[in-house]
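As written, the chain order gives the labels A, B, C and D, with residue 1 at the start of each chain.
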């Protein structure tokens, strides 16, 4: 059970890889429309990080027994130690009380800029008008570190430059808080000097070529590139039976 | 002072050109019955100020009531993009004044507290800043903050759990609707249930905002549907999916509006069209 | 019962005179250590101003059934429509939601400046260190109008100039909000042009000479000076039986 | 994480020179048991930041623990002036940094929210302003406000109704103690009752601040005495009058301290000295 699982799906791998970015005792938040991080946080809490505290729009350290595809949902306050809300979440972050945050977007570029606003050259008349970044532009300055999750590692989602910067990545006036990018193919981070995206590990069964083909810029490749630690058997069992029997994590892939 | 109104009287307090703030968020405590009545009454040129919202904004945009939206996230979370909102922005028929959640909610809070602005941290480096010349960077003792101006809605539309006839409103769940009620000039409220004043006075710690902020209050059971009301009923996921499917085309959305708004001229008739007693009972928590 | 009472005490007259300054439908606040206004508000609500709403540190529009000599007391939230607190009270006032406020002090001068801080020429080493003005210096700018209550109309309490301005009265940068001064001898207001204190009415049985002898500056005397409307029989009965059977109002005199 | 401590361990977290914020106000939710233990442990050179307070400040000043008080109102309301505070200021042995309630509470809120300042209205024309060069007038669009700097306590002393061992604290009544807990570096809590975590998780809407803000929590039933605990027990008016009578002279106050603090080295012994079971039962609401 504690060894690596042999039978897991891409969503399970991604949830597990995100869970592994979290440390015990941290306070972590997730954005809206973020079912994969919601499950990853609960998985981390059920395994290596029992003291991990999730702070979201509904409550602090809740024990949800069910989910829907929404993050402002009463079930996310079930068993919480305290109810929360949008303002409190931002105030806690601004006060320095949030250690880690999960964000996503339609595009993330070489320097870690994220676009959740609009696709196309003309922002005013975009090809695709997206949702907007909710609190990203603010929280990226106030949380401890940022973990980007991207369920589809594709060229157009990882371009050289994003069409619109909703969340700034590497920026001269911004303290570097970009920690990890976790996709369905790999884990990446950012080279401290240049701020450029760098491969950290490749998911089991994926090749470097596959990653390069699906990335719109040249990733920095370190000398050794390990395989991403796969989910343990315990993680897979917990995910399927206790943490997410509904399979809500699949909806984000 | 008696603030009781019918749903129709309540919606009549919205005027063309009003600046609306809206309670709840994606699928909870959204004043949908009130919004449908606003659509029936053909209000036009509305401006909307929200932080993160979905169907409330999308249906008003799709019905042609809205000229401008200020917001930080308009969508249906895991269920998809907001179809009418997206179409209107892509076609250039709607102005979207995009910002970030805490900038908008702090602007509303400034208005609620009678202040011209509030300071927040963040925003630097985001292209959002290029679109908000009114946000002023300010340095205090070497620490840089952003001053965001007050955002003043003329009307707040609110759906709550219960209220008395004086308009003392109790909203369950984890919202910050007190802020929008206090920020607005007029506050129009629907609740699941009108209760006697004594019931409110027995539970003053649950009151979200006092009656002196409320302009009118109407009873509208299941008035958040297809959104939910925390502690009472869940949101109607199947209806939301039907809405999104219909919204894929303008024609499809027109059919949706006909069926659920124009040809269901009362809230009761809407609930019948949406599945009646059987459906609403199934949503009870 | 509706006619003037013939048998009333100075505290009852003062409470009644303060109650008469309030209008139906207003939202009114009182400061800390303000038992006389606390009772005056409830008396006004029980008589001519049933729609008067009291907002204080504990709650909104409460129905207290008992009192102590403190204003931050759970009984003041009894039967409230909403609980309140210090921050909410100041925010409501700043938003323009408070129509009238009662304040007092150890000194009030000719121009309506109030001193609740320190008596003596040297603020740093005062003859008497008082409590401080709590929120006066802020609320005097944010509430609609200010009613000063002063249970002891004496020369040293009404000096030409206060030793320290806790609450500014007439001030070039301050919108005029000083409405009435109600003491145990008289009711006064302020002449609009000069901002100087002016006699409005004399309490029953008091003479102008008595008032002048007990005032440390020359009050403006209008041509006609009526007698303060005495409490009605109904007011006295209500005060003694229902509004304040404890007699808490006497403690402030 | 377990935050449980004894009263004595909790008070030991206060260091000489600390800047204290204190929960409650005049006669409610005041952490008196904790404060008596701070006095027993002989802490010195404390600075205190409060808005409106009475006995908490006065007893610490009278016991010689305090160098400076920042506050807007220090007194016993209808019961009289604060005797030790008054004497110390008049004799020049205590520095009183006087301001106004909302300036202080907004400064604490700025610290709680990680901001260097917050804007408020008011203060103009008051002599208080002459003593606060750090308050900056600021004009926005013709509207004048005052920017008040963050006030950062190193320690918050809090008395609440109940908490679990993780330090999730529930405080009844109408306070704003969430702000001081969030503003401080360390948060030291006493509660009427330590309850199981499940009890807190059943009532999360009553939680005032989360365990991750709490440094230590000790059980101290009747720990607010002679102040009260809303919903549980009233304040002890007779004891307050005895305190004020004793405080009229330094010698009288020294006797009070001997009787109720130094010669009653535990909280139980204090309660016995203050009248024991009979007295505390009489205060129950």
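Quick note on the criterion: a residue touches a chain if its C-beta (ideal position, glycine included) is under 8 Å from a C-beta of that chain, and two chains touch if they have at least 3 such contacts.
Here the structure is a predicted model, which is why all the values come from computation and not from measurement.
Novice: Given the touch definition stated above, what is the smallest step count connecting subunit A to subunit C?
Specialist: The least step count works out to 2.
Novice: Have a look at B-C versus C-D and report the one with more C-beta pairs in contact.
Specialist: More C-beta contacts join the chains of C-D.
Novice: Using Cα averages as centroids, what's the distance between subunit A and subunit B in whole Å?
Specialist: Their C-alpha centroids are separated by 28 Å.
Novice: Between subunit B and subunit D, what is the gap in Å from one C-alpha centre to the other?
Specialist: Taking the mean C-alpha position of each chain, the two centres sit 40 Å apart.
Novice: For subunit D, what residues touch not just one other chain but two or more?
Specialist: Residues 114-115, 120-121 of subunit D touch two or more partner chains.
Novice: If I count partner chains per residue in subunit A, which residues reach a count of at least 2?
Specialist: 59, 77, 83, 94, 142
Novice: What pattern do the touching chains form: line, ring, star, complete or other?
Specialist: other
Novice: Which two-chain combinations touch?
Specialist: A-B, A-D, B-C, B-D, C-D
Novice: What residues on subunit B touch subunit C, complex-wise?
Specialist: 1, 112-115, 164, 166, 168, 182, 197, 200-201, 204-205, 207, 209-213
Novice: Provide the residue numbers of subunit C that touch subunit D in the complex, in ascending order.
Specialist: 32-33, 35, 57-59, 68-74, 77, 83-87, 90, 94, 117-118, 123-142, 164-168, 171, 173-174, 251-252
Novice: Within the complex, which stretch of subunit D touches subunit B?
Specialist: 114-121, 140-141, 143, 145, 147, 149
Novice: Could you pull out which subunit C residues touch subunit B in their complex?
Specialist: Interface residues on the subunit C side: 25, 27, 51, 53, 59-61, 63, 77, 79-83, 91, 94-97, 142.
Novice: Spell out the part of subunit B that touches subunit A in their complex, as residue ranges.
Specialist: Touching subunit A: residues 25-28, 51-52, 71-75, 77-79, 81-82, 85-86, 89-90, 92, 96, 98, 100-103, 105, 109, 120-129, 173-176, 179, 228, 230-231, 235, 237, 285 of subunit B.
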